[in-house]
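A short worksheet on the structure shown next.
We call the chains A, B and C, going by the order they appear; numbering starts again at 1 in every chain.
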Amino acid sequence: MRALLLRDLMLAIRAGGGFGLGLAFFLIVTVLVPFGVGPQTELLSRIAPGILWIGALLACLLSLDRILALDWEDGSLDLLATAPLPMEGIVTIKALAHWITTGLPLVLAAPVLGVLLSLPIPAYQWVVISLAVGTPALSVIGTFGAALTVGLKRGGLLMSLLVLPLYVPTLIFGAEVARRGAEGLTVQTPLLLLAGISFGVIALLPFASAAVLRINLR
Amino acid sequence: MVLTVRDLAVTRGGLAILEGVSFDLKAGEALVLRGPNGIGKTTLLRSVAGLQPPEGGTVTGAEDQIAYAAHSDGLKAMLSVTENLKFWASVFGLSDIESALVAFDLTELRNRMAGTLSAGQKRRLGLARLMVTGRPIWVLDEPTVSLDAASVALFAEAVRAHLQQGGSALMATHIDLGLDEARVLDLTPFKAAPRTRQMDEAFL
Amino acid sequence: MSLWEYANPVKFIRTTDKVLPWVWTLAGLCLVTGLVWGFFFTPNDFRQGSTVKIIYIHVPSALMAINAWLMMLVASLIWIVRRHHVSALAARAAAPVGAVMTVIALATGAFWGQPMWGTWWAWDPRLTSFLILFLFYLGYMALWEAIENDDTAADLTSILCLVGSVFAILSRYAVNFWNQGLHQGATLSLDKEENISDVFWFPLLVCMAGFVLLFIALVFLRTQTEIRARRTRALLSREGQA
């Protein structure tokens, strides 16, 4: 298991793409928003928490097809399936590797990009905390989507269609934490619900992803 | 007796292709599957390896015993030869890769990125992976594709060594490996009568 | 005689062929009766005027939008557990019907909302949940279309339906939490005092029965079509092999 994680991380670093693309995409989305809605500081600071969440979510989505498709193409997935690792473990490790290479950098970059959107000062900590709690759920749900579409030639668009509705609850609670934090309200309830979703999907969804992957491999 | 296959029936794309395949594979034995293209060698091997549930029949003794090698080698272009092998060794809970490097004449290439290897060199690396799994039953699908004569000899030698250590090998191949101890199983007599899968029968 | 006998495709087609004309007739009767009764023989609401009559399409279609998904969920579970082909195909057949019901509910809701709330669309929890439900239908249908192997498609869509159901419920609560909304609460529960009056209730009940029957008829018909398409593929592949 650890070997698989290390290999995925090493591949992400060596092949470039992994870390860089998601972050660059996050930056571009954040830069484009003021062009779209206008440069008024008060407007931007009001929508900043939501924009950061949506940007992070899209950046996450962008890199999902790398989770399993590459291993599928070169046959590694077949070989891993015959290895003494449970399929549930494989998909969990894959999701973890995706989070470390995509989710974690997004969490760390969010406060920097917050400056561009004049994010209110009290919101910084809550944006970071909500992203840190919520992005693992995005990776795990995304792995499920990637497993569903792994055998398809042009599965990317279909995967977005399948994964985005599944992202709705995470996005709502995550953005709610950030928004309430920005307005100085209490964030306990949405934060607990967000954590609940994250823990729930981490505990349960790998079973569905593994089942789907087994079906796709046969 | 390590591997027993009884009355195996397999399908591909909704069509029954083989049925009633039975054979035993004992320790130290090699079995070569023969038959024309499309007879179902790959499908049979995938069923034996547990990747594809068979339509009927049983495979016993395969659980956690099989090292499977197919057309694609599962190599990562951005990892070196050593790193690729080390990864598969640790997945199977082992660490020694030196003997595999030596057996397939990869020691001089050990620090090259797998992406820069030629097709034949990649194939050798893919086969060397078998040796670091520590699994007794090798299930090989066309193992000699893109290998030159010298490499085929290396491969035959590796298989022979594996058999002598009590391992066994089940492979689909067209060329003669020069393995005298290998039995040959022609799959042509097991070709399924034209019919669709049982699942689809209900619709007719 | 067990229920599972109808899981045989041939038997299913034979039985539904006998039942279908009756279901169509009943559905037509109920819909015509309910709609004519509702549109022409009920008084206007004292606050909402004649726009209230859209309820006879809006509520039944919303009901079926949710129940179609529930039916797909049950059919998917049956496929996963017992592997009856008709079940998987029925789930596939129900999806477009459910999606259309969702669109009808959303559209009639918009027509109703415009005069009532002064807006075609509001990010109200109920409206938003229906929009999300529609997205789930789209994804489900797209996955069916994308996969060539029938059984693989059935397996994958069943699991998607299961996982999707959990997330649909989560979304429902999340959306409720996110925005309290304009939409009135359920006015049709049987135990409430402030229920709508019987004058509106009876024609509505007939309309709902009509929509249920219409749904059943459409799903039967579409399942028959799916079975026949599947049979054609099985025959063709047998021909190709011989």
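The working rule: contacts are C-beta pairs under 8 Å (C-beta built on N, C-alpha and C of every residue); 3 or more make two chains touch, one makes a residue touch a chain.
Everything numeric in this text was worked out from a predicted model, so none of it was measured.
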{"item": "Chains contacting each of subunit A and subunit C, listed by label", "value": "B"}
{"item": "Maximum centroid distance from subunit A, chain identifier (CA atoms)", "value": "B"}
{"item": "Per-chain Cα centre nearest the global Cα centre, belonging to chain", "value": "A"}
{"item": "Which of A-B and B-C has more C-beta pairs touching across its chains", "value": "A-B"}
{"item": "Between subunit A and subunit C, centroid-to-centroid distance (C-alpha), Å", "value": "32"}
{"item": "Whole-Å gap between the CA centroids of subunit A and subunit B", "value": "37"}
{"item": "Inter-centroid spacing, subunit C versus subunit B (mean Cα positions, whole Å)", "value": "49"}
{"item": "Residue numbers of subunit A (touch at least two other chains)", "value": "218"}
{"item": "In subunit C, residues with contacts to at least two other chains", "value": "none"}
{"item": "Subunit C partner contacts - residues on subunit A that touch it in the complex", "value": "144, 148-149, 151-152, 155, 158, 161-162, 164-166, 168-169, 172-173, 176, 189-190, 193, 197, 205, 208, 211-212, 215-216, 218"}
{"item": "Partner subunit A, residues of subunit B touching it in the complex", "value": "46, 49-53, 64, 66-76, 78-79, 83, 86-88, 90-93, 129, 133"}
{"item": "In the complex with subunit B, residue positions of subunit A that touch it", "value": "2-4, 7, 10-11, 14-15, 71, 73-76, 78-85, 217-218"}
{"item": "Interfacial residue positions of subunit B with respect to subunit C in the complex", "value": "13-15, 194-196, 199-200, 202-204"}
{"item": "Subunit B partner contacts - residues on subunit C that touch it in the complex", "value": "8-10, 85, 149-151, 227, 230-231, 233-235, 237-238, 241-242"}
